[in-house]
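The structures come next, written out as structure tokens.
The two complexes that follow have chain A in common; it is paired with chain B in the first and with chain C in the second.
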Partner chain A sequence: MATTMITTLDRSSRAAARGLSDMSIRNLFIIPTILFLIVFNIFPLIYSLGYSFTDFRASTNAAANFVGLQNYRDLLNDPYVWSNFAITAKYVIISVAGQLLVGFGVAMLLNRDIPLKGLLTTLLLLPMMLSMAVVGLFWKLLYDPSFGIINYALGLGTFEWLSNPKMALYAVALTDIWMWSPFVMLLSLAGLSAVPKHLYEAAAIDRAGPFYTFFRITLPLVAPILMIAVIFRTMEAFKTFDLAYILTSQPTAELISIRLYKMAFQEWQTGRSCALAYIVLIMVLAITNIYVKYLNKVKER
Partner chain B sequence: MRKTMTSLLAGIGLVLACGTSVYAQDKSLTIFWAEWDPANYLQELGNEYEKETGVKITVETTPWPDFQTKAFTEFNAHGDAYDMVVGDSQWLGAGSTGGHYVDLTDFFNKHKVGEVMAPATVKYYAEYPGGSSKYWAIPLEGDAVGWSYRKDWFEDPKEKEAFKAKYGYDLDVPKDFKALRDIAEFFHRPDQKRYGIAIYTDNSYDAMAMGFENALFSFGGELGDYKTYKVDGFINSDKAIAALDAYKELYKFTPPGWAKSFFVEDNQAITENLAAMSMNYFAFFPSLINEASNPNAKNTGFFANPPGPNGDQFAALGGQGISIVSYSQKQEEATKFLEWFIKDETQKKWAALGGYTCSAAVLKSDEFQNATPYNKAFYETMFKVKDFWAVPEYAELLQQLNQRVYPYMIGGEGTAKETLDALAGDWNATFKKYGRGQ
Partner chain C sequence: MAHIQLKNISKSFGNHTALTGLNLEIADGEFFVLLGETGAGKTTTLRMVAGLEKPTEGQVFIDGVDVADWGAAERDVALVLQQYSLYPRYTVRENLEFPLKPKIRRLPDAEIKDRVARAAKTLRIEHLLDRKTDRLSGGEMQRVSIGRAIVRKPRVFLMDEPLSALDAKLREALRTELKNLQIQLGATFLFVTHDQIEAMSMGDKVGVLNHGRIVQTGTPHEIYNNPRDTYVASFVGSPPMNLIDGRLVDNRAVMAPMNFELPLTKTAAATEGRPLVFGIRPEDVYLESGAPVEARVHDVENHGVEKILTLRVGDTTLRATVPARTDVAIEQSVRFAWNADKVVLFDKGSGVSLRHAS
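Showing the complex of A and B:
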């Protein structure tokens, strides 16, 4: 019934009575979406590409002058921007690796018959459902050296998580791992439950050890779905803003998106910030492409 | 379909009706400011205006970290959501040259505002470029950085005795920066969870700059020459280097985790028994004498920023002037409000409500100076204030200062001289980029 509803129009429906064809219904639904995308996504994207070659500042009435590749040249020669990129790369690696480890580990633990499994899974998903800003504010309190519960619980005294330049980035990554491991866990659980049971039975008959079973059966079969988790998390981690912005103002934890925000909305260097946004976009596209290529390879196996 | 169309039309109609109803009610003005107590006082003052004239005043606010972004987003879009804005003193350059502010020079001359308001407030809140006699705002909220301290800790006889034994002079409100440092060191007792001093360190907007300026100006240093835009030999002078070292020295005596602190944290240092002394804008002091918000209200005292080693005494300027937004449809009505606002009796009311008036006459009156424990310190400070650059690209200069000074202050990277030499280089490049002082 459901499929026929989609392909053909019910004769008694109002749409049919008005003579709306399938085509017009399709257009009715799709055209607004495409228009919306063009107006709010594609158009600004192309428009800002134009701005990235000018010295335009949105805060003044001065006309924008064409400066060619000047913005790109300046940005790629700016040691601060490079350090922002290095910090971002470090952050992405730490937080995605951490989420993968914790998320997959918890999924392995949950992938068996235990009492209250459903409730446990739901509770573990809670961090993911909170808003980034709220998580940031909460963890700022948790990390507080004077009254924070983390130092109290670990007996660290007045250890400074966020105001220690060397520690700040790890502290932000730790918060991100706490928040997004459940996401990896959820995907891993789906992957794990799809592994055919008979493979394990066959392995058991052949007296394969747990490590062999894990590396030869579990991991290869879950790998494609883990790769999807990695792609999602890498893209998200690359553009992390709110969490890091709220938690710390250490230059050692200044991610590229924070630099971009400051350049665009505090300094109003519109042209230059458009150029930086494009550099970031190209990088994210490149990284995602590499992942997708790898994902396809994994799938083929 | 007809039903959908009807409801769609009804929806559009409703939106239009709402929209037009705002325009239909001409007798209303919207003022944009940051979310803090003075904005509430301004709303109360606005209510008085409504009683007198029937023109409704709405003070719209947004949290401080958003204030600059939100205001300029509206300006850049040429929006008329706000008729007036109480903008930061650094915005004058961007507001005037960007065409966002209405030129108030004629208004200034006609009403002799320059004579009514304290000179420093006219210079820093209203005039741009400096010395041009062109005015873009009416000084509204005077503000500067001052200090609060724990009177009970300072007056404890045992402490006084121990302090004298250690430093050779009496424990009292600091007479200069050296005493400020000594007292901070004296009260810094991490084992007792008591710390010496709370200062500004946040590098996301102007907190760090304001804190450093307090030391810089009192040490006799300058940011640069505001007329020629020369910075070499100013921001990296020996005095400036000594000032940065003195400010960094104070960081040693702050409570743990004091690396992103601004006005909220600095007031908490007093209310939560964390520090003996705390730097803050005068505008945040009302909550320190209120027992509901400060359990130590009775034991909290105030002092002006102390002089440096050569006796120079200055403070970093806060505060704002009120400007008419050039995209407003109700500029005439807004001008009428400003005419009312600068009247002596309005300024008295403004001060009584808790606003920091800039009116020279009201500031000088005994009535004002004795109204609160900090008004006298405020009055003294308002005649020796200096401010940050007010050029349109001030945000870039601020960012460069944060970028250079923060790693030195908090991370201990490099030396004060290296830091300030590098900052001078950054500023030179920025001024060159915008063709200033060439």
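Showing the complex of A and C:
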């Protein structure tokens, strides 16, 4: 293969005139990307792995001392970190479940012949296109207890959303649901329109009711693509930072990523925060792996 | 089991008219075949009986009851489609159980088991029951989808070209099986096809559909031997009926282009001299040394049991089915005649058979 690729370079082309072979053109395109990836992703990843075994602090000039697994041991024994993980888990479950319900529901409503379907779909996709920080800022205004439109519309008076320790996490999750349901909707819509119409006709002929048809035909056929939506959304929700950081400073809404940020850039515990980052990475990988295994099983059926 | 009647049905999709003034009656326990080319409106007719499509005009009766407001579920019909439409991800057994399990009319488990077992036995798919549907061959899939229809014991079986996606051998086998099944169940079948061999071999009655109109309804024998017009004559039969332009002169058929003549048995004097189309089936054209017309052999198709010859007289060609042992070569000169009793006369202008016009 490789030899034929090299020999197919047009001899009269300008590249050939400059003495460039196919191989060198290929390298020209690939090497910058690989360099970029190494410098900004792979190098820091490995470098921070090294730091995670030290007591290094980026704010001082003191040399890093190797402390072995001390950082990991401390972190895994720290009840505060565990409570951050619990908060994150709660947030992920609420927000992904909400997005799944709303997104799939709206997709079901849209999956029929209605006027202006295209325009409607596009408009519904808008929240997804906004920047997280912008969404955070204007939802902060919407949630405002004294002049926010949410309290006004729901007649809640001066109900505290974001500074209420019990409500803050739900408020962040709600914003996330608003923003990312369209993503689930888009994937669901693709899945739903791929279900052959004649199956629904066959089910109607077989006297299956709407619920029976939904659970026996629609859901099993859309399940794989819904699984993909769940994988993406779980990974994203797990590492949510900007939205929650902008919206609230309640300790009850302190996600693991916020904890990590504070540890690294406010407390300057660089070594320890590297260790925490690795723990988070391993967790996300584990969860994703479970999902992918399950996805393959769903696909096989 | 049911009696079906379609009264003055019209259907249009936007600007396109699929059916116009369609009248059809299917007796209880009859195997009715709707025959027509692609786009003639066969499937639309079927879907209207099933309740998947509403007629623009006209009424559908099942057992004498107007079913206009009934959905597909209430009509209690079974539908077998060309594309199988098995439920994916389920086993054959789960597919067969599907129509028996909806909550509203859920049957007792023993009954479900019994019916699935019986359907599987009838269709000889017992060994496939626990297999996933995507591991089946085309013939097996179509058997399962027929099975899903028969477990229900519906009032009417509707079949939309169920055999056309199968290969020739399997099609032949399933054709016989389906016909036997229908006799065994004594059920009403409405079978849609574009294949005239299926129509001829399976139908108790055949309705020929052309451009959204029923052209002729009758037994396969009637359709074959006494076609109502030149469309039916040329659509039914393989090879189709020979249609030759000509006139009647002194009880003889005088063909227009080359002025060759052939005898006829009896005709009404009123048709004398009028432009006509003479129809004759290839098997009623025979070769004989003393026959009245000379022709050249244009082409020979050997079908094993018989040979189909294309004969050329001037510009006119016609087909003749002759025994396989007949020894002919291309461009050989032969003499032929026809079986004068079997000639069908069509009016040149309208294409309608003179026997049907009166």
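Methods note: the second predicted complex is superposed on the first by the 281 of 301 C-alpha atoms of A that agree within 3 Å, B and C clash if a C-alpha of one lies under 4 Å from a C-alpha of the other, contacts with A are read in each partner's own complex, and residues count from 1 in each chain.
In this text, contacts are C-beta pairs under 8 Å (C-beta built on N, C-alpha and C of every residue); 3 or more make two chains touch, one makes a residue touch a chain.
These numbers come from a predicted model, not from an experiment.
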Which superposed partner A:199 touches (first chain B, second chain C, both, neither): second
Chain B versus chain C, judged by how many residues of chain A each one touches: B
Touching partner for A:220 - first (chain B), second (chain C), both, neither: second
First, second, both or neither for A:66, with chain B first and chain C second: neither
Touching partner for A:47 - first (chain B), second (chain C), both, neither: neither
Partner chain(s) touched by A:250 [first = chain B, second = chain C, both, neither]: first
First, second, both or neither for A:158, with chain B first and chain C second: first
Chain B versus chain C as contact partner of A:265, first or second or both or neither: first
Which superposed partner A:212 touches (first chain B, second chain C, both, neither): second
Residues on chain A engaged by chain C in the complex (per definition of touch): 196, 198-199, 201-209, 212, 216-217, 220-221, 301
Chain A contact footprint on chain B (complex, rising order): 1, 68-69, 72-73, 75-76, 94, 97-99, 190, 193, 202-205, 255-260, 274, 392-393, 395-396, 398-399, 403, 406-407, 410-411
Chain A - residues contacting chain B, complex: 14, 18, 58-61, 80, 144-146, 158, 160-163, 165, 245, 248-252, 262, 265-269
Of chain C, residues touching chain A in the complex: 50, 52, 71-73, 76-79, 81, 83, 85, 87-89, 98-99, 101-105, 148, 152
